[in-house]
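Both complexes shown next keep chain A, but they swap its partner, so chain B is in the first and chain C is in the second.
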Partner chain A sequence: MKQRPLTTNRISIYNIRRKPFRAACLIIVVAILAFALFGGAILTGSLKNGMNSMQQRLGADLMVVPAGHESDMKGILLGGEPAYFYFSGAVARQVAQVGGVAQATPQFYLSSLSADCCDEAVQLIGFDPGTDFVIQPWIARAYGGAAGDGQLLAGSGIIIRDDGTLKFFNQTYRVAAQLERTSTGLDNSVFMSMDIIKALAAAAHNAGMNFLSDEAPEDAVSAVLVKIDKGYDADAVAAGIRSGVPGVEVIVSQSMISGISGNLGSLVGYINTISAVLWILAVVVLAAVFPFTMNERKKEFAIYRAMGATRKRLIGIVLNEALLASAAGGVLGTAIAAFVVFPFSAYIGSRLNLPYLQPGTGGILGTLALSLLLSFAVGPITSLYAAVKISRAETYMTMREGE
Partner chain B sequence: MLLEVKDLTKEYQRGKAPFKAIDRVNLSVSSGDFVSIIGRSGSGKSTLLNLIAGLLSPTSGSIEADGQDILSYHDKAASLYRNSKIGYVPQGHSVLANLTVLDNVRLPFYFFKRAGGAEEKALSLLGQVGIPHLAPSYPKELSGGELRRVSIARALINDPGILIADEPTSDLDTQTTAEIMGLFRRISGSGTAVLMVTHELDTVDYGNRVLTMASGRLTERVK
Partner chain C sequence: MKNRLISGIIFIILGLFIAVGPQTVFPVCGVHTAAQSAEQTSMPMNSQETDQSEQCAADGDAMSASMNMMMKCHGTGQAALGLGALIAVSGVLLILLRSKQTRLGLSIALFLNGILALLIPTALIGVCDGAQMSCRMLALPALTILSSLAIIAAAANAVYLYQSDKKERQKNEAAAVNH
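And then the complex of A and B:
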């Protein structure tokens, strides 16, 4: 068989092949580093992404709900836990009159059931197309249009029938589009106009499910979403609503986000710290290991020099070996991280109990490229000093020391 | 003149006192010479060879190869000198464990840009040193004598003007020693100068010049 030229790369490969244990140790250290870098970056990226998505989705500065239903509202928004609660539509009109309120729009919530009448138990959200400033702009951005009359828009987690319809309380509606994932409770919600949801409430009532025992269905609303005027403080406007409109609770979106982002901040900080510690540990271990391996190979390098290898070639062989081991470790570590993080993203999100939205393909590829770059670089960087040192040693002395 | 060494001195620090391993050595080598340097252990023989091979820097003096001052060379030129003009057979076992015998022999060919490949020539050299069948083997499968033959074949791959061998028969049996000395004689007969350090007096008969090293000083014996 024709032998191939002995390039720097080929010499490095032969050296690695013939010393599998030495190479395996380096590969494992770099693989741990790559796992921490890529896995950690995807995890923190998903949490930040989830947070941003939630901030965008809330879309309102204040959410006014019946007193005692603050946690139900948060459950709908964050956990997708179906709930319903109502107060009089007059509240929406009163809220709109409070100083500092620029826009106010009502929403109507209904829960479907896990029964024959319905496809599945999800949150149904009705909005007023005339005043809505939260749902429609999002739909326009995510779907690129508006739902037609009598049509629904489904969150990303909703399972739609093959014929493109959904059935609630024995009423079947066509689904205009399914929205992209937001990592909030809204992924498990179905959106519709106020007319449709009121019709569904009436159908539920007729079927004997009395959601609205205390209020006239035509007038009831579940929440009033508020956008405040520029220059007004959200807490001050919330206080004005609480004092001016009895029987309501006001959720300040920013406070809710701050609370979540406080938890998220600690978790992200924790993950980043672990990644940084592992990175430093890998660098320290490799920087300590390389001089040892160089020392062990003194005679080998002296032979290269005696045969006429330049210092540059010697450094090239050492760095190339380190690069090959780093590359193998980098690919292995990121592959393991990918197998852990991607298939279990839904599980991780639910366990963390925080908004978790995986970055898009571009973001993942960017993170992958950066993780691989850092992993690939760690071997050559940590071996550089030892390589230069061994290349500068006087060959005869090195050969004698290596014996 | 192939090689001209003038007033070469190599001084070390031994404790607090300076120690001259090589003391004002002069040596001229022409093409086809087979020079044996003999002397007791620690007399400076190996140090002299390594200075000539460019593996060690002298304290003073000059070394010229083909009229060129090798001490003025920067790393690339010095490496090219070791790679092309010198064929070096170090003391002891000096074969790279991670490469096959064939790859060990052809390795120096690839350190500088050259046309063609080295496989045929490496196989031919392995034939000349009597171990063509060991080409695909790894060094750990070889005996001491076989390893020495690999080193010699490797030293000849780039057709050097001078073959430098540091105690090439130190741990070999009588028959292998005779075979290697016969090989060196053939090499010098083909025009490549051989400069060999040895402490085995039997081997000097193969060469045409004998020099004695004692306390760093070199003197030529008339044969």
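And then the complex of A and C:
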């Protein structure tokens, strides 16, 4: 039989193999901890990332919509739920006259058809290139230029045909670029100039779909986005618009963000609390378990000492066993968490109903390293006291114990 | 016995999840009728199908002349039902059959079934295109994970059985020589 040197590492491995149930229990405790640490960190990171992305994307201080369509507008922006509503273009001109309004730009919304089978309805957003201060800066940053005449820009969730076009209401348009993911409803939108969207509204009308029941298509708008002058309060300007322009509702972006941010903050708080509680629980459980296991292995360690093992070697064996169990648990828990949070990220985002944007590769690797470090460390830290205690035990007395 | 039980139970569980999951816990989208679609579209429309749905209709199969459309993911669900049942039955056979070589053959078949189960939602049939569709958000990742686990478990079981069988034969040969 092949003989191998009895190193610290090999003794630890043999010990773990000899007591598979004890090792499995330790591994499961650390795996639960690692799952909570890594999964929780990715979840909170994605929520914070999504919130930042949404704040960057809103772009306007106020959003003026027809009365009764506030929730539709929020649905478009946050949930990507297609909607269409209109008021007269005269409203846009009235809004621009209200005190404190620095810039006002109209937008026009259409919805493509809900598909018969696999596809979803898509939000179509038309903007006025002459006055727009919301869509174009984003497009310029994400795409590096403006769309050409008759071209569309698609959100990240839009499926583009193989020939690089999109077809709505029998009209085919070339897609200039697909924008980066934002985790907002705008990912499920297609952006185009006012000319294109008005032509689409006319095409929809010809195809038998009446989006505009009362308004003349050439003068109708869906929303007016407002940037307020410096020194003005958003709520005061909103109140001015409400009193000066009848039949409209004003959404204050900061209030909307604050509401979402509040929900997100409490969720992140829960996740962080659960992670911290699990870490403390794992430390307490392991710190309680190690002295017990060391106690029942006193004679084993006394034999090592009798065979010439130094006290340092005994500490090494115990710490190594704890490290191996922690490492196995840490890798297992992190792998299970990765199997849950990455493939199901779209589902998690939709269930939470909050902006959810996964961190970049660097962020994920950083979180992974930190989670593994904390999981790996928990075993050696909690077993240190038991290791030192067992190494100090008197060999002769331990061997004679119980006689 | 321990290997037979553990490996058999693992494949029964994986097979049942692959078979029943797309119909229950991580559902595919099902079959939509023209009437359902019209309900979803809250606007007056004529019978012309003029938008992105055309692309989808081209992907799906017409179930009948009455505009019932079978989605790609529905086909994936049906295929997974058959394949999952096959994996589960193979798991039962792994428990019942004693011969290591037969179980090795079954493990290789399970490995190939796992690859097929992985290819069905990802390449051979696929799922719907929409990012927010249930089949894309749930069924695709769940089937990918389950079939990957089946592939890994089958490969590990095959390697274990091959080595164990090889050791056994070497032992028998050595015993025969000594005898």
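Everything below uses one rule, namely that the second predicted complex is superposed on the first by the 388 of 403 C-alpha atoms of A that agree within 3 Å, B and C clash if a C-alpha of one lies under 4 Å from a C-alpha of the other, contacts with A are read in each partner's own complex, and residues count from 1 in each chain.
Methods note: a contact is a pair of C-beta atoms (placed from the backbone, for glycine too) under 8 Å apart; a residue touches a chain by one contact, two chains touch by 3 or more.
Nothing here was measured: the structure is a model prediction, and the numbers come from that model.
A.B. asks: Looking at the overlay, what does A:395 touch: chain B (first), chain C (second), both, or neither?
C.D. replies: First partner only.
A.B. asks: Between chain B (first) and chain C (second), which, if any, makes contact with A:234: first, second, both or neither?
C.D. replies: Neither partner.
A.B. asks: I'd like to know which partner A:14 touches here: chain B for first, chain C for second, both or neither.
C.D. replies: After superposing on A, A:14 lies in contact with chain B but is clear of chain C.
A.B. asks: Return first, second, both or neither, reflecting whether A:306 touches chain B, chain C, both chains, or no partner chain.
C.D. replies: After superposing on A, A:306 lies in contact with chain B but is clear of chain C.
A.B. asks: If I apply the document's touch criterion, which positions on chain A are contacted by chain B in one structure and by chain C in the other?
C.D. replies: The answer is that chain A has no such residue.
A.B. asks: Quick one: which bits of chain A touch chain B in the complex? Just the residue numbers, please.
C.D. replies: Going by the criterion above, the answer is residues 2-3, 5-7, 11, 14-15, 17-19, 299-300, 303-313, 394-397, 399, 403.
A.B. asks: Note which residues of chain B are touching chain A in the complex, please.
C.D. replies: It is residues 47, 50, 53, 55-57, 75-76, 79-84, 88, 90, 92, 94-99, 102-103, 106-112, 117, 119, 138, 154, 158 of chain B that touch chain A.
A.B. asks: In their shared complex, at which residues does chain A touch chain C?
C.D. replies: Result: residues 80, 111-122, 157, 159, 161, 166-170, 187-188, 207-211, 339, 343-344, 346-347, 350 of chain A touch chain C.
A.B. asks: Quick check: in the complex, which residue numbers of chain C touch chain A?
C.D. replies: 29, 32, 34, 37, 40-41, 43-46, 48-57, 59-60, 67, 69-73, 128-133, 136-138, 141-142, 144-145
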